[in-house]
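There are two complexes below, and they share subunit A, which is joined by subunit B in the first and by subunit C in the second.
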Partner chain A sequence: MAKYIAQRIIYMIITLFIIATATFFLMKLLPGSPFNQVAAKLSDAQMEILLDRYGLNDPVPVQYFKYIGGLIQGDLGVSFQYNNRAVTDLIMTRIGPSAYLGAQAMIIGSILGIILGMVASIRHNSWVDYTSNILAVIGISIPSFVFAGLLQYYFAVQWRIFPPSFWEGPEYTVLPTIALMIFPMAICARFMRTEMMEVLGSDYIELARAKGVSNNKIMFKHALRNALIPVITVIGPMTVSLMTGTLVIEQIFAVPGLGEQFVRSINVNDYPMIMGTTLLFSVLFIGVVLIVDLLYGIIDPRIRLTGGKK
Partner chain B sequence: MENILEVKDLHVTFDTYGGKVQAVRGVNFNLKKGETLAIVGESGSGKSVTTKALMGLIPKPAGKIPKGEIIFEGKDLAKLNDKHMQQIRGRDISMIFQDPMTSLNPTMKVGGQIMEGLIKHQKMNKAKAKDRAIELLDLVGIPNPKERINQYPHQFSGGMRQRVVIAIALACNPKILLADEPTTALDVTIQAQILELMKDIQKKTETSIVFITHDLGVVANVADRVAVMYAGKIVEIGTVDDIFYNPKHPYTWGLLGSMPTVDSKEDELIAIPGTPPDLMKPPKGDAFAARNPYAMKIDTEMEPPLFKVSDTHYAATWLLHEDAPQVEPPAAVKRRMKGFATADASDEKGEES
Partner chain C sequence: MDKEKEKLSPEQFQPVDLAGEKSEELTRPELSYWQDAWIRLRKNKGAIMGLIVLVFIILISLVGPLLNDYEFDSANYDAAFLPPKVEGLEWAGFNGHQTFTVQGETPEEAIQRGLEGYEVEEQYLLGSEVVEQPSEQNDNYYSVDIEVDIYSAKGFEDEYFWFGTDSMGRDLWTRIWKGTQISLYIGLLAALIDMVVGVLYGGISGYYGGRVDNYMQRIIEILSGIPNLVVVILMIIVLKPGLLAITIALTITGWIGMARIVRGQTLKLKNQEFVLAAKTLGSSDKRILMKHLIPNVTGMIIINTMFTIPSAIFFEAFLSFIGLGLQSPYASLGTLIDTAFDSYRVYPYMLVYPAIIISLLMIGFNILADGLRDALDPKMRK
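Presenting the complex of A and B:
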C-alpha cells in the first residue's frame, strides 16, 4: 500500500512538471504585459527597468528555467498586482473561502444526490422517481451561474432570507453552496439510481433476501456499497467541474476566493499568480484522483491494492 | 411419510408491457420429509418461478399469486406478508442459486455472508456465529475454513463459491432446501462433487430438497421423485423409477429421447419439435398438443386431468384415458428406458461388490 502511494506520488510530480511547462508556454502567448495598466505613465526607459527587474526581458526559455528552478525550491515567485507579495502568501489567504465552499458543496451535494438516487430506485416508476429524474436533468443541463442568479434574486433580493454576496459568516455561504452543489447532486442522483436498480436486480441481492435479511439491511448493507463503486468514479471528474464552477460562482457572489483572484490575474497578465493557481488546481485534481483510487480499494475488495503481491 | 410442504393449485402471473404472463398455471405437489423432489422441464416451463413463489421471492408488484396455497407447518405462505416471510426464509426454507459467480455479494467477506442468517434467525452473537460459519465451511468441504472465512468471494473458484452458497443455505438447518439448478453453471467434474455433497448433507440433516434442473442425468442421480413441468403445469409426477422406466406423458418421452446416453447412436437424439407456447395466451386444451406427434382431437379441445397410473405416478395426458388408443413410446426412448434399467442394475452390483 505504502509502496503504491509512493509510486503514485512520483507520477503526480511528473504530471505536475508537464502541467507547469505547458501552462508556462501557453501563458506567454497571452497578449499584453503585466504592466499594461501603468504603461501610459511610464517612460520607455522606466518600462525597460521594470521588465529587467522581473526578468521579463530574458528569452522565454531562460525565464522558463528560472521559474522551474524556483518552483523546485517551493518558490512560486511574486505577484505583479500586489506590490511584490509572494504568490504562496496570496494563495494561502485566498484559498480558505474556496476550499470551504467547494468542500461544503461537494459533500452536501453528493450525499443528497446519493440519497435522492436511492429513494428513486426504491420507489422506481413512482412520482418520487419521476420528480427526482426531472430535477436531475435540470441540474445537469442548466449551468450553475443561472441558479446563482435565480437564488440571489429570490432568496436575497425578494425574500431577504440570505445575504446576496460577500463573505462574512456561515449564512453568507448558503446561496453559493446551493448554486455549486446542484450539479454534483444531479449527477450523483442519476448514477445512483441506475446503479441501485442494477444492483437490486442482481443475484446476490436475491440471495440476501432468501436468507431472510430485512429490506433495510439489504439496502444499506448489501446494495449501497456495491452501487457506490461506479458513483465514486464520477465524483473525481465532478470535483474538477466544481473547481471551475467556483470561478464563476465566486465572481457572482463576490466571494474573496481563489477563483475570483484567478480571473483577475488572467486579465492583468499576472504570470506568477496564474502559474501558482493553475498548479494548485492541478495538485488538487491529481490528489482527488488518487483519493478516489484509494477509496475504490476500501469499497471494493476485488481491486484492493496489496502493494506488489504476486 | 408426512408431508412437510403442500402446494395446491398454485398460480403465478407477471404483468408485463405485452400483457399478463401466466408463468405457473395450477401446480400441485407435496414434499415429504427427507425426500428429494426434482422438478424438470425446459426453460420457461415455470420451474424457477414455482420455487421463487415458495420463498415469497416473486418480484412485486409485477408478479402475483392470484390463486393457490402453499401450506407449510399449517401456514399458507402464499398469503403471508413479507415481514413474516423474512422469518421463514433462510430459517425454515432456504435456497441454493444457479450461478455461484454472481450470487455472492462481492463486497462482503464470505464469513459475514454466512453469519448474517445465523445472527438474524438464531440470535447468535458474532463470535458464536463465526464458529458456526467455520463449522459450515468445513461441512461443505472447504479447506482451511478459519482463513477462508475472512476472504472475499473473488478469492474463491466457482465450485468453492457454490459450496459457500450451500453453506449459507444450510446455516440455520432449514427444513426445506430449494436448489435452483445448483450445478448448471459448474463444469462437469465440479457438478458431480456438488451433487455428492448435497446428497451427503441430506443424509446427515434429513432436509427435504426440491431440486430444479433440466438435466435428467442429474435427476437420476439425486432425486427420489420427479415432477415434469411444461408450460406452467406439472404434466407427469412419479418416483424416479416411474419416470425413467415407465414414462407415460409424450413430453417426458421427448425429454428422455433428447438426453444423450453413453451407448446412444448419433441419430438417436430426438429433439422435441417446435417451441413452448406463449404463456401470455396459453392455448386451449393441452398446452403440449402442438408439439405432440400423438395429439388427438380432444387435446386441442380440453385440458387433460392428471390420470393415475399407480399410487405414486400421475400423468396429464389423454393417452391414459380408457377410450384412447394404445400408444407405445418411440423405439429410441424404449431402448433408453431399458438402458436405464440395466445401468441401474449394474450400478447396484458395483456397489455391493
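Presenting the complex of A and C:
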C-alpha cells in the first residue's frame, strides 16, 4: 500500500511538472505581449522598464527556471492585470466563493442524486423510475449554461424570487448552486440506480430476505451501504464538471470567484494568472483522483490497488 | 419374486418417429451480431426517438439555410433585433411583435419614452400594459410593457425572419442551422480523430503487451492526470480560435478513454483460441490486429464514439461561452448562445432556439448512445 501511494505521488509530481512546463512554453509561444493594449502609449524606454520589471527580458530558459523555482516555493508570479499583485494572493481572495459554491453544489447534488437513484431502483419500472431516468438524461445532456440561463430568466427576471446576479448573501447562491448541481445530481442518480439494482439482485440480499430481515433494514443496512461504495468513483468526473461549470456559471451570475477571474484573464492575456489557475485546477483534479482511489481501497477491502499484475 | 424374463419379439418395437427430431433443429433464421443488435435497438423506444430527433435536426440543418434567401453573414444594421415572424404562423406567436419593458413616472410618459428610445413611431404601438405600480423598490416609477410592430416600424413589413435577427441584422434561421452544421461537424470530426488515435494506440499497446505496453501505459497515466479542461483552454489560447484549432484541442487528450477500452479488450481477446489459431496458421501481426481483434472490439468502439460526440459538442459550446469559440461571422450553436446571453432579457428569442437545438442534440446523442450500449453489449445491460 505504501509503495502504491508513493508511486502514485511520484506520477502526480511528474504530471504537474509536465503541465507547468507545457503551460510555460505554450505561453511563451504566444505572439504579442500582455502589454499590447498599453504599448502604443508607452515610449520604447518605458516599455523596456516594464519588461525588465516583470523579468520578460531574460532569456527564456532563465525565465523558465525562475518560474519553476518560484513554483516550488508557492510563488506563482505577478499578475499583469492588476498592478503588482501576486497571483497566489489573487487566487486566495477569489477562491472563497468558488469553493463555497462548488462544495454546496456537490453536497446537495450528490445527496439528491443518491436519493433519486435509490428510489428509482426500489420502485423499479414504475413511474418514479421513468421520471428519474428522464431527469438523469436531461441533467447529463443539457449544458449547464442553458440551465443557468433558464433559471436566471424565470426565477430572477420574470418571477423575481431570487436575485439575478452578484454575491451578497446566501440567497445569491441559490440559482448558481442549482445550475451547478444538476450534472452531479444526474450522474449520481444514474450510477446509484445501476449499483443498487445490482446489489438488490445479489445473494446476500436474498439471504437477508430469507432470514426475515425487515425491508427497511435490508434497504438501509445492506443494500444502500454496499451500493454507495462504487458511487465514490463518480467524484472524479463530478469535480471536473464543477470546475468546467464554475467558469460559465460564475460568469452568468457575476459571482466574484476563481472561474470568473480565469475567463477574464484569458480575455486579457494575463499569462501568470492563466498559468496559476491552470496549475491549481490540475492539482485539484489530480489530488481528488488520488484520494478517491485510496479511499476506494480503504472502504472496500475487496479492491486490491497493488494487485492486478500477473 | 418371479424373475422370469419377458420374451422380446420384434413386433413390440416401433421405428422412431424421425419427425420428432426436427424439433431440435433451429427454427429461427440465424442472425448476425449486427442484426441482433438492431433488433434490440429497435425495441428501445428512447433510443429510436433519439435517432429520429437527430436525423430530423441533421436534415434541417442541411436543408434549412437553403429555404430562404438570407445569407448567414450578410449584415444589415437596419434590420437588427427583429423578432421571429413566420407567414401563416402569426397566431402561434411568430408575429414579429416585440415587447419592451419601459419605465416612467406616469404610464403615458413611460410609453412615450419607450417609443422614442427604441425609435418606434406611435402608429406601430399595438398595446401596452402596466406591469408594476410605483413603489419604494423601483424608485416610484411605473413599469409598462409595450408591444410594438417592430417590422413595420423599421420598414420591413414584407420580410419574414423565421427565427428573428441578431444585433447585426443577420438572419438567425440561417445562422442557427449553419451553426448546427458546424457544431455537428466539430463533434463528428473530434469523435472520429479520437477513435482512430485511440484504437491504434490501445490496439498496439494491448496486442504487443510487455515492455511496449508498459511504456505506453505510463504515458497514458501521466496524460490522463491533466484535466481535459486545462489542455483544451491552453491549446485554444495558443492556436487561436478556429474550426481546426478547436477540433485539435478537443482531441489532444480525448483519445485516452478510447485507448484504454481498446487495450483492455485486446488484452482479453488476444489470449483466446481463435487468435492462437490464426497465429498458428501464420497470420501477420497486422492481419490479426485488423481482421481478428478490431472487429471484435467494434461494438465497444462504436459505443464510446457515440458518447464522445455529445461531449465534443458540449465542449465546443463551452469554449465559445468563455470567449474562445469561433470568430464572427462564423457561428456555432455555442457562439450563438453566447452572444444571445448579452441581451436575452429583452430579446429572449435569440437564446431560445439555439438553446433548444443544442439540448435536443445532446439528449438525442446521449439516449441513442445509451441504447446502442444496451444493444451492442448485452453484458453491460442494466
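We adopt the following convention: the second predicted complex is superposed on the first by the 283 of 310 C-alpha atoms of A that agree within 3 Å, B and C clash if a C-alpha of one lies under 4 Å from a C-alpha of the other, contacts with A are read in each partner's own complex, and residues count from 1 in each chain.
Assume a contact is a pair of C-beta atoms (placed from the backbone, for glycine too) under 8 Å apart; a residue touches a chain by one contact, two chains touch by 3 or more.
This structure is a prediction, so every number in the text was calculated from the model and none was measured.
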| item | value |
| --- | --- |
| Clash or fit, subunit B versus subunit C on superposed subunit A | fit |
| Superposed model, subunit A: greater residue contact from subunit B or subunit C | C |
| Centroid geometry (CA): angle subunit B/subunit A/subunit C, rounded to a multiple of 10 degrees | 80 |
| Partner chain in contact with A:Val263 - subunit B first, subunit C second, else both or neither | second |
| Contacts of A:Gln251 with subunit B and subunit C, given as first, second, both or neither | second |
| Contacts of A:Met92 with subunit B and subunit C, given as first, second, both or neither | neither |
| Which superposed partner A:Ala208 touches (first subunit B, second subunit C, both, neither) | first |
| Partner chain in contact with A:Thr15 - subunit B first, subunit C second, else both or neither | second |
| Contacts of A:Ala6 with subunit B and subunit C, given as first, second, both or neither | neither |
| Which superposed partner A:Phe281 touches (first subunit B, second subunit C, both, neither) | second |
| Distance in angstrom between the closest Cα atoms of subunit C and subunit B, superposition on A | 8 |
| Touch list for subunit C against partner subunit A, complex | 46, 221-222, 225-230, 233-235, 237-238, 310, 314, 317-318, 321-324, 337, 341, 344-345, 348, 351, 355, 358-359, 362-363, 365-367, 370, 382 |
| Residues of subunit B defined as touching subunit A within the complex | 55, 57, 82, 85-91, 94-95, 97-99, 102-109, 116-117, 120-121, 152, 154, 165, 168-169, 171 |
| Touching residues (chain side subunit A, partner subunit C) in the complex | 11-12, 14-16, 18-19, 22-23, 26, 29-30, 137-138, 140-143, 145-146, 149-150, 153, 157, 193-194, 197, 240, 243-244, 247-248, 251-252, 263, 266-267, 274, 278, 281-282, 285-286, 289 |
| Subunit A - residues contacting subunit B, complex | 202-204, 206-215, 221-222, 225-226, 229, 299-302 |
